[in-house]
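Labels run A, B, C, D, E, F, G, H, I and J following the written order; every chain starts at residue 1.
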């Protein structure tokens, strides 16, 4: 996995929300080998660390050649971002483009110990 | 009924949400024999099983020649999907195209025993 | 009043929601004699009876020549539909087209005894 | 037919365009007796007469109880408005609400002798 | 102040909601003398009185030549409408057009004694 | 093929335009056996015959079980409608839902001999 | 009439287009005394003079208390702007808010002698 | 920092909400020196002071040449506005334009002591 | 280059139009190595050959790992599709997602010898 | 003026179109000193040179501190881009945000000698 960088949160006494929306996520379907496309929304309350935006972009681009199911990719993104940034709360949502006429949305949430 | 396939949930310790939207549902009106059209939204929290997307698509296509009322079809889809995937929670919504100038929306919910 | 027909609810053990939207409602202003136009939304939880769609359409068309105020028509529709279908809950909303540059929305709710 | 009133065009030396849009047109289907709904657009270049707006509104309301086909009503409106206002050019468009899932649009044009 | 007229509420036993939206509100900025423009939304639960629509329209038009700040006008409208109609609840919202690139929205609420 | 009915054009001296939009077209892919979905737009200038709307609807529904390619179905619809109604001009457009992430639009035109 | 100011066109050798859109036009109906509201679009090709924006705004505001018909106001604006700025071409469009359910659009054009 | 001006709240006995939306915020990225663009939404409940709109606009324009991170700028705006106007509650949201295909939204909230 | 497949045009006597829209095109920037994203629109009039849809999809996916400039990729797609299908006319448009806040659109056209 | 860079056009035998849209243009009003905001659209047919995208972005950012009128800035951008890239045709459009409630759009065109 590509290393996710953070920088120190300058306002740790306050609960505030950061949301990043990346409409350019693409991975590969592990069954057909065909590309999948999604918009990824990451919403979190930082604790001591703020996720660096360029690093996040590179991290999401690292899925470009990975064969992975929808549900797996969104859970994996949440786990990786929680491990890297230790947020108070985090939600990751993937809005996947239609396949066979069906669009899909996966929503995964994390709540830190003290919240 | 066409058999609905599932695969094991790799993240059963976490409550997360899956939503599939199929704008290509069609059945037949049991009174007039004319086709009805709807967008079906399926929203659920998986327990041990995740519904396989292609199998879901084929299942919804199996209504193409069935004569069935709006309220009956949405309740039936919920019952079939609950039986096949045993989710923690599930909601099925049908947005039906206008007939006689009137559009209709049917919403049916299921909550599993421990939730 | 035109008779509203119902058919038996096949899933009475479950609370589920039915919503019909009719953008073709028209009545007559009792003061000016000019036509009024509205979109009517009917949202309810059926108990033993489901409102038959064609019958509902004819019922709403029966206002075409009646002189009636906005607030009166929406309360009357709720009362008639509750009397005919005895739902667990019902909401009727009327979105009226602009008159004198002002659009109006009337929302009336009913909750049955045991809910 | 209700009489359509006009007032004198104060700028007859100039070709200019007037367009009225009425989303509240309703007539009756001559086959089923059920109401039809349409948005009527009237676009014209006045010659000596300008159509009075309130009179136009009442004229369009006069179709409320007439049984008439789509194509007939739009051609009739054009003929009546041309007879009453003698414009240089006129187009009448009817956008009819869906019936049986099919929406319809009828467009009829008139060009005066010297244009 | 222009007198606001009401008529008796025919359904006083029921809490229901009335909402009027007027996109044609204009007043004058007391500092610059330039006109301000807003959409006013009035949402209320009537008690014994229902606000008459034409009277409301004239009341809102009475601000056309008044020099008044945003916050003052919306609070004043709420106070006047509460005094005239004694509602169970009322909310008045003003959506003001951009000035200096900044749009503004003012929301004022009233709750009657027993609610 | 289902028979398409017409009725006599009451305004044959005038070129006017009729457009029908049917968002509920469905056929079957001849390669995969899976359903395809499209919105069909039919735009024409009637000569002596006007296409009857209900008959058109039934004609389009007759494709529901036919295996046919996009390009073939739209050319076939044009040919059938021209043969049945002998219009002065006709255009048929099919907007097909995404398959493999790709949406398709097919446009076929006909011009009668004297136009 | 309020004086309209212009400044010299710095690029008179080139035909270029300027378009101003003012959604805050209001005048008074000469029959009812009630306010009318419109969006005014002014599109022109300057010759030696460019219309100063603030002066244009004040000019449009000067209609606030004038009783004037739709067709008259748009023709008058065109005449005043042509007299003040002597453009190569100019079009003025007024999109008037609904009155009696009918919206209106007036379009007036001017072409200078050498164009 | 530019001084933020306020004027006295004329309705301090009532909790009401003021929301300003400025789509013309721009600052400079401290890493690349390139400009960033955002829409800033300020929502607050005034206590004794109301923020003067022109002063707010100038304050937001003062960021035009400052190098500052997203999270820092929104927290700073909240702190400055709270210090200047001592509101009962305040929320500041920044919707930042896409950089590297990723849009970002920062939401910061303040609640005064007695609320 | 991946081989593009065609099938025989069944209606070669008629000029008709086919348009495919693929919102899932991605290539790599040859300068930065970062992915680019675009929607590709292909519009053509077939002569003897119709482009097979699945083959087109695979062809577009073959750019996924190629480093290529915007202008080059769209000209290349046109050249490849013209060589493979020998159409009467063809237009290829690429709508590229924002980079540095700037979106780009490239439009390339081909007209066959006899048209 | 910042130097605009170009790279050689690899397809000079073909007329094709390039369009760049930059919603992040900002300059300063020479009268008030306040910032103006616009979306700039640049549409051109390259001859031997293609404008480099990053260089274009920096060029547009160079207006950030310049006091310049709307009409002047768009004519200047056209002149600079024509001088730097010698295109066959070029159009520059500026969509300026509302000032005093009025939005403005300036459109300037260039046609090269042989076109």
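Here, contacts are C-beta pairs under 8 Å (C-beta built on N, C-alpha and C of every residue); 3 or more make two chains touch, one makes a residue touch a chain.
All of these numbers come straight from a predicted model, not from anything done at the bench.
**Student:** What are the chains that chain D and chain I both touch?
**Tutor:** Touching chain D as well as chain I, we find F.
**Student:** Measuring between Cα centroids, which chain is at the maximum distance from chain I?
**Tutor:** Result for max centroid distance from chain I is chain E.
**Student:** Nearest whole angstrom, what separates the Cα centre of chain B from the Cα centre of chain C?
**Tutor:** 28
**Student:** So what's the Cα centroid distance for chain C and chain H, whole Å?
**Tutor:** That pair's centroid distance is 45 Å.
**Student:** How far is the middle of chain G from the middle of chain H, if each middle is the mean of its Cα atoms, in Å?
**Tutor:** That gives a centre separation of 37 Å.
**Student:** Where in chain J do residues touch at least two different other chains?
**Tutor:** 23-24, 34, 37, 97, 99-101
**Student:** Can you list every touching chain pair?
**Tutor:** Every touching chain pair, ordered by label, is A-B, A-F, A-H, A-I, B-C, B-D, B-F, C-D, C-E, C-G, D-F, D-G, E-G, E-H, E-J, F-I, G-J, H-I, H-J, I-J.
**Student:** Taking the complex as given, what residues does chain H use to touch chain J?
**Tutor:** 23-24, 26, 34-35, 37, 61, 64, 97
**Student:** Which chain E residues qualify as touching chain J in the complex?
**Tutor:** Of all residues in chain E, those touching chain J are 34, 37, 97-101.
**Student:** Within the complex, which stretch of chain J touches chain G?
**Tutor:** 70-72, 74-75, 99-109
**Student:** Which of the residues in chain I come into contact with chain F in the complex?
**Tutor:** 9-11, 14-24, 46, 50, 53-54, 56-57
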